[in-house]
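In what follows, a single structure is set out as C-alpha cells and then discussed.
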C-alpha cells in the first residue's frame, strides 16, 4: 500500500473508533478547550492501533507533545501508525513485526523526547527508564500503567525499593479492569480465535489458564459460544468461583489431555510447557491472551517439534511425535496480534481513565510509588459512559442516605 | 406435631445438612479434639434452621456454652429449634412467627448468659449491647457479623465512634460473600419464589433491585431460568456491569411498569414504594432478599390497598385500584421465610468462617472496631472446600514464583 | 386438616393458578357461554393438582359431566381433590399415596360413568378400556393423551393394530411439547430437587438421562443454575445437539462415576440400574422426571442396599457398600411428587389444547388411530397466549407473502 | 497476488478445513476407493470458499467431473477458486465481486457441461434450468439443495407444478439444519460482525429478525456475547419460544427504535425498510444473515440517504436525516461476505450430507419433486461425527427396546 493509502486507511479506522468512544470524545473536547496538558511531553508505549490513536489525539489536542511506540511487535497496525504521524505534535515510531532491536530502538526514540509523563502497557518504558535511561527519571512527574501485568511488575519494583517515580495504576480503576479485562478480553480473544481458525467453538473443550478478570471474561464468552470450559488456577478462591460458575477445574497437567483450544490469561510464564504438550490431543489449538508471550513456552515446543509450518494465516503447526499442535499468532496476545484488539467501547473507558490520569499527574505532585486512580475520576468515567448509553439510574433519596448512614434500625 | 416428632424432624434436617457441610465438619472434629472454646460463652442471633444448627453444634463441641435466638421472626424452623435444645451446652430461644416483643425478649435472654463472644446476622445483638445492655460490653472479647447489612451498620457505628467492641466482618471474607451472597442468594431466592408461586420464570420480566453480590446472584439465576432481567442501581459502575451482563438498566420508577416479578437485594429502605406500586402491572409479584423487611414499603402498600387477602401460602394479595399486587412472605427474606435458606454447601463456607473467627477472637486480643477476616483463614476455608469437592489445582513452580516477584522480564 | 380446611386450601390453590392461566380462562368463558360439551361424559386420569382442576372446571362449565382420578399415586394433592368434589358435575376419586389397588379401583370408578371422551396422561384409562373394560369402547368418541410416554404407548398399540378408538396426540401440539416438556419440566424438576434437598446446584456435576424436549429443558436449567452438565443419549443426533450446547456426552456407565445429581427424562426403563449404582459416588442424588417410575431401577437398588432410611422429607438414603445413594420421591416424577408440578403458565397452554381437543372430538367424527392436534387449534392457543402476555408481533405484508410463495427471485 | 501465491494460499486454506472435516474425509476416502460417481457430471453453484472446495474435491475423487461457480457475488474467495482449478476434473468459474452479468454467465458456463446432477445453494442453477436452459432438464438425474431459502423456492415451484426434476432437500437433514443453520449461522454471523466492526456486543440491544434455526442460533450467540436480545417474528409459536428463551419480542416497527445491531435471518424481503430506518437510532448497525440480499431494503435506504460512504472495510454509512446507519457487507450474508463462512466442523456435516445425497441420486431413480434426505444417511453422518469427536453413547438393551415397543406396562 502507498503511504497515501495507508493514511487513508488509518484515518478511516481512527474515525470509526472515535465515533464509538463517547467518553473519550467528551474529554477530548474539554482538553481542546482547556489545554490542561500545555507544555507537557508524554511518552507512550501502547498497542498502536485505532483506539490508542484516539487517545493520542486527545492528549495532543489537550496541549501535549506526544511520542509513541508499540508495546508488542505484532500488535502495531501500520496504517494507524502512519496516519498518526500526520497529526501535529504527535510522533509515532511503531512498526508491525519489527525485530527486537528495532523494538527497543523505538522505545529509546520515544524517550529521547525527555518526557515528563509516561503511559505504559506492560511497563516497558518505565523499566527502560530505571535501567538504561535513569538520567530522565528526575524530569518525570509520573506515569500511567494500563495492564495487570505492568502493575504487577511495578509493585514488585516498589517492594524492592526500586521504583523511582510515581505511577498511577490505571488498570486498577473499576471502570477499567471490570470492563476492559473482562468483557474486552472475553470478546476480543474469541474474535481473534474465530477469525483466525474458522473453527466451531460450540462442542469444543476449551481450557482457560487463569480465572482473574481476563480469564473470567474468556470463560464467560467460551461458554456463551457453546464450549465446555475447563479452568486452571493456582488460587483456591478463584478455583472455587470457576467451579460455581459451572466450569470444570483441574490442574493443567490433567486439563492438557482434554483441551481442544487453550487460552492463557495468567500473566505468568510456562502455563503451557513441555509436560503439557506431551499429553495434548492431535490438533490442539493454543492461544495466549496474556500481556507477554511467555505463557506458552514456544522454545520447548520448538525443541520437541519435528517440523513447524504455517497452515493458515497466523497459525503455526508444530508436529510433535505425529501430533499437530497449532499455535496462534506465535503466542502473542491473540486479540491484538490476530485481530483488532478490544472493542472500541471498552477502550473508551480505559482510555478515558488514561486521559484523566495524565491530567491528574500533570496537576498533582505525587510521591514515588504506585497510586490508585482517584475514585471520583473512576465514577466520573462511569457516569459519562452511562449517559452516552442513554441509561438513567436511581439516585438515593435523603431518607435512604440517612438509613444507610444510620445503624439504629433493626429487625 | 409433638415435641418428639419435632425433635426427630429437626435432627433429621440437621443430619442432612451436616453431611453436606464438609468444611465445617473438619473444623468440628478439630474443635472437639482441641477444645479451643473451652470456657467461652457465645451469644448468637442467626436464622435458626438446620445449617445454623450445625454451626451451633460445632461451637458447643469446641467447648463453648452457646445461647441462640433468631434474627428474623419468620426464618426460624421450630423443629430445629427444639432439636437444638436437646444438645448439651446449647440453649435456643427462637420461635417461628413470634411477635416483636417475644423477639426482643429472646434477644435479652440470650444476652443474659453474659457472653464473651457474639455472632450476629444483622447486628441486632450488638445493637442491643450498645443500647440497653451496655453493662455487658466490658466482658466482650468480640463479635462476628454475618451479613452485608450488619457490616454496614457496624461501620456506621464505628464512623460515629459508637462501636465499643471488636467485630470481625465475616461477611467480607472472600469465601463468604463471593459464594453465600452470590450463589447462595441467587439460588435460594428463586427456590423460594418458585415453590411459593408455582409460576414460570421463563418469559417473565424480572426486576432486580441492586447489583451487589446478592443482586448479581439473583440476576444470574433469573437469566438462567429464562427471565428477561431489568436491574436498578444507584452506583454507576454496578449499573454498567449489569448492562454489560446483558440486562436492561433503568430507574425503578421506569422498571416498575414492566416487571412481572420484583426482587430487592439492596439493604436499603423503600426500594419499592408508593410511586412504584402506582405504576405496576396487575399481578406483579414482590419478593425481598435483603436482610431486613424494609425494602418493600408495606405500610404504604397497605394504605393504598382496598383489600388484602392470602391467595396462596406465603402470598398476600393487595388490591390497589383494581390491580392485584402479590407480596411474598410479607416482604421478609424470601429464601428463608418461604424456603429453607441458602443451600448447605455455601453455608458450609460461611459458617466455617464463623467458627474459625470465633476461635480467632477467643485467641486474639483485638482492638475495638471492625476487623477483616485474616486472609489465611479465608484461604484455609477455600482449600478445605476444594479438597472436599475432590478438586486439585496447580501450584506455582519456583521459577513461576520468581517470575511473578521479578520485574526485569519484558516484551 | 378438616374437610373444610382442605376445601379452602384447595379452592385457594385453584384460584391462584386460574388467574395465571389466561388462555384456558378465555376458553372457559367461551365454553360456559356456548356449552359445546353439553351431554358429554368425560373420564380423566391426570395429576390431580390445581392446574388440572382448572381444566376440569372448564370442561364441566362447558356442559360436560366429568369424572377424574390421578395418573400417579404420589402426584395427587388431597385438598384439590376434595375441593373439586364440591363442584357441580365433577366427581374426583384421586387420593394421595393410595396403594396400587386403590389406584386401579379409582380408574374403574371413573370408567363406570361410561364416558364418551377420555383424557389420559400416560394412557392408563385407554389401556384399561382395551383390556378389562372393552365393553365401553363402542361408546367412545375419542380420547386425548397428554404425555410423550402415552403417545409412545398408543402408537405402539396402533402399530400392533390394537387401538380401537381415535386418540388426539395433545402432547404433540407445538404449543404443548415445545413449552410444557421443555420450559415446564426444566423449571419444575429443579424446583422439586432444590426444595427437597436444599443443596446447591452450582458447581455440581449433573447427569441428565435423555436429550428430548424434557431432557433439553432439564439441561438448560441445570446450566442456568450453575451446574456442569453431562448428557446421556441413545440417539446420535440428539447426542450431537447436547455436545454443541456445551454439555459433555458419554455413556451412562461412564457418567455414573461423575454425577452428583442424576435426572432421568427418557420414558424408558432402567436408565439407572445396578451397574450404574455400583460406580456412583457417595452421596449421589437420583431424581426422575419421566412419566413412569421405571427409569430408576429401585428393585435392584433395594437389593443392593444394606439399609434404607428417610433422611429428609421425600429423600430415601440407600446404603450401598458404605456409599449413600439418595433417591428423591421414590423415583416418581420429582416435579409432581416432590413439588407442585409444572408452572401454571405452561399448563395454561397444554390444557387449552386439551379443552379445545375435547371439543374437537365432540364435534368431529374421527377414525380409530392416533391423530395430530389440528394446526389451527395449535396456532389459536399461541395467539391467545401472546395476547395475554401483551406481545404484538409482525404480520406478513402482501408483497412479503407473495415473495415467500414465489420462486422467481434469486441472487 | 500472483497466481502462484493465490494457489498456495488457496491450497493452505483447503488443507486446513479438510483436516477439520473428518466425516467428509471418510466419505472422500470411500469415494476414492469405490468411484461411485464415475461417469457423472456435477454442476454446482455454492459459496466458493475452502469448505466447499473440500466437497468439490471429494466429488471429483469419487469419479465425477465437476464444474462450479458461486452462489453469491461477495462470498467467493479467489485464492480458493484458483486453487480448485489446479485439480483434475474440476472447473471453477467463480470470481469475487463480479458484476451481475459475469455472475449469470458463470452459471451458464457451469451448465454448459451438461450435468446429470446439480448442487445448489439458493436454487439458482435449478431456476436457470427451468427457464433458459430447459433443454438440459431431460438429462438430469436430480439435484441437491443446501439452504432453507432454496427449499422454500423449490417447494413453491413444486406446488405450482413447475418443478421438472427430482431434488433432495439436503437442508432438511437433521444433521444439517440443526447444526449448520443454528450453531453455524450463530457463530459465523457474530464472527463476521465482530471482526468487521470491532465493537462490543455486550451491553448492546441486538434485534434478530426471525426465530427459525438461523435466528435461534444468532440469538443464542448474541446472548452468549452479553447482548440484550429482541426478537421479531410473524409466527406466534416461534414468538413464544423466543420469549420463553428470555428475549423480548415485539414488532420490528417497535424494535427498530431500540436496536444497536440488527441481524436479519428470515429468508423474506423488506425485514428492514423505510419505516424502520426512519425510527432507528444514530449509529445503528445492520447485518443480514439470510441467503439473499433482499432482507434489508437498500434501495429505500439509499433513496433516503443524503450521503453514503465507506467508514471501515465492509461498512457503508448511510446518512439519513443526520443519523448514521451502518450497513455491513452491502446486506449480503455477513458471515460469508465479511468473514470465512460457517466453521469447518458444521460444514463437515452439511457437506457429508451433500456428498452422500449426490451418490444417492446417482444410484436411485427418483421421481420429480422435492425429496427428503433418507433417514439412514442422516444417522450415518451423525454417527461418524460422534466417532470423530471421540464420543461414545448408550445403546438400547434388548429389554429396553422391548419396553419402548410395548404398551402394556403402566403406572
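Going in written order, the chains are labelled A, B, C and D, and every chain counts its residues from 1.
In the analysis below, a contact is a pair of C-beta atoms (placed from the backbone, for glycine too) under 8 Å apart; a residue touches a chain by one contact, two chains touch by 3 or more.
This one's a predicted model, so the numbers in the text were calculated from it and none came from an experiment.
Among the remaining chains, those touching subunit A and also subunit D are B, C.
Annotation: A-B is the more contact-rich of the chain pairs B-D and A-B, by number of C-beta pairs in contact.
Annotation: 52 Å between the Cα-based centres of subunit B and subunit D.
A separation of 37 Å divides the Cα centre of subunit A from that of subunit B. Residue positions 183, 200, 202-203, 223, 226, 240, 243-244, 389 of subunit D each touch two or more of the other chains.
On subunit B, the positions that touch subunit D within their shared complex are 200, 202-203, 223, 226-229, 240, 243-248. Listed in rising order, the residues of subunit B touching subunit A in the complex are 71-73, 103, 122-124, 127, 152-154, 156-157, 160, 162, 174-175, 178-179, 182-183, 232-234, 236-237, 239-241, 243-244, 249-252, 254, 267-270, 292, 294, 378-379, 382-383, 385-386, 389, 391-397, 399-400, 403-411.
For subunit A in complex with subunit D, the touching residues are 12-13, 15-17, 19-20, 50, 183-184, 186-187, 191, 194-195, 198-203, 220-221, 223-226, 283, 310-312, 315, 324, 339-341, 343-346, 389.
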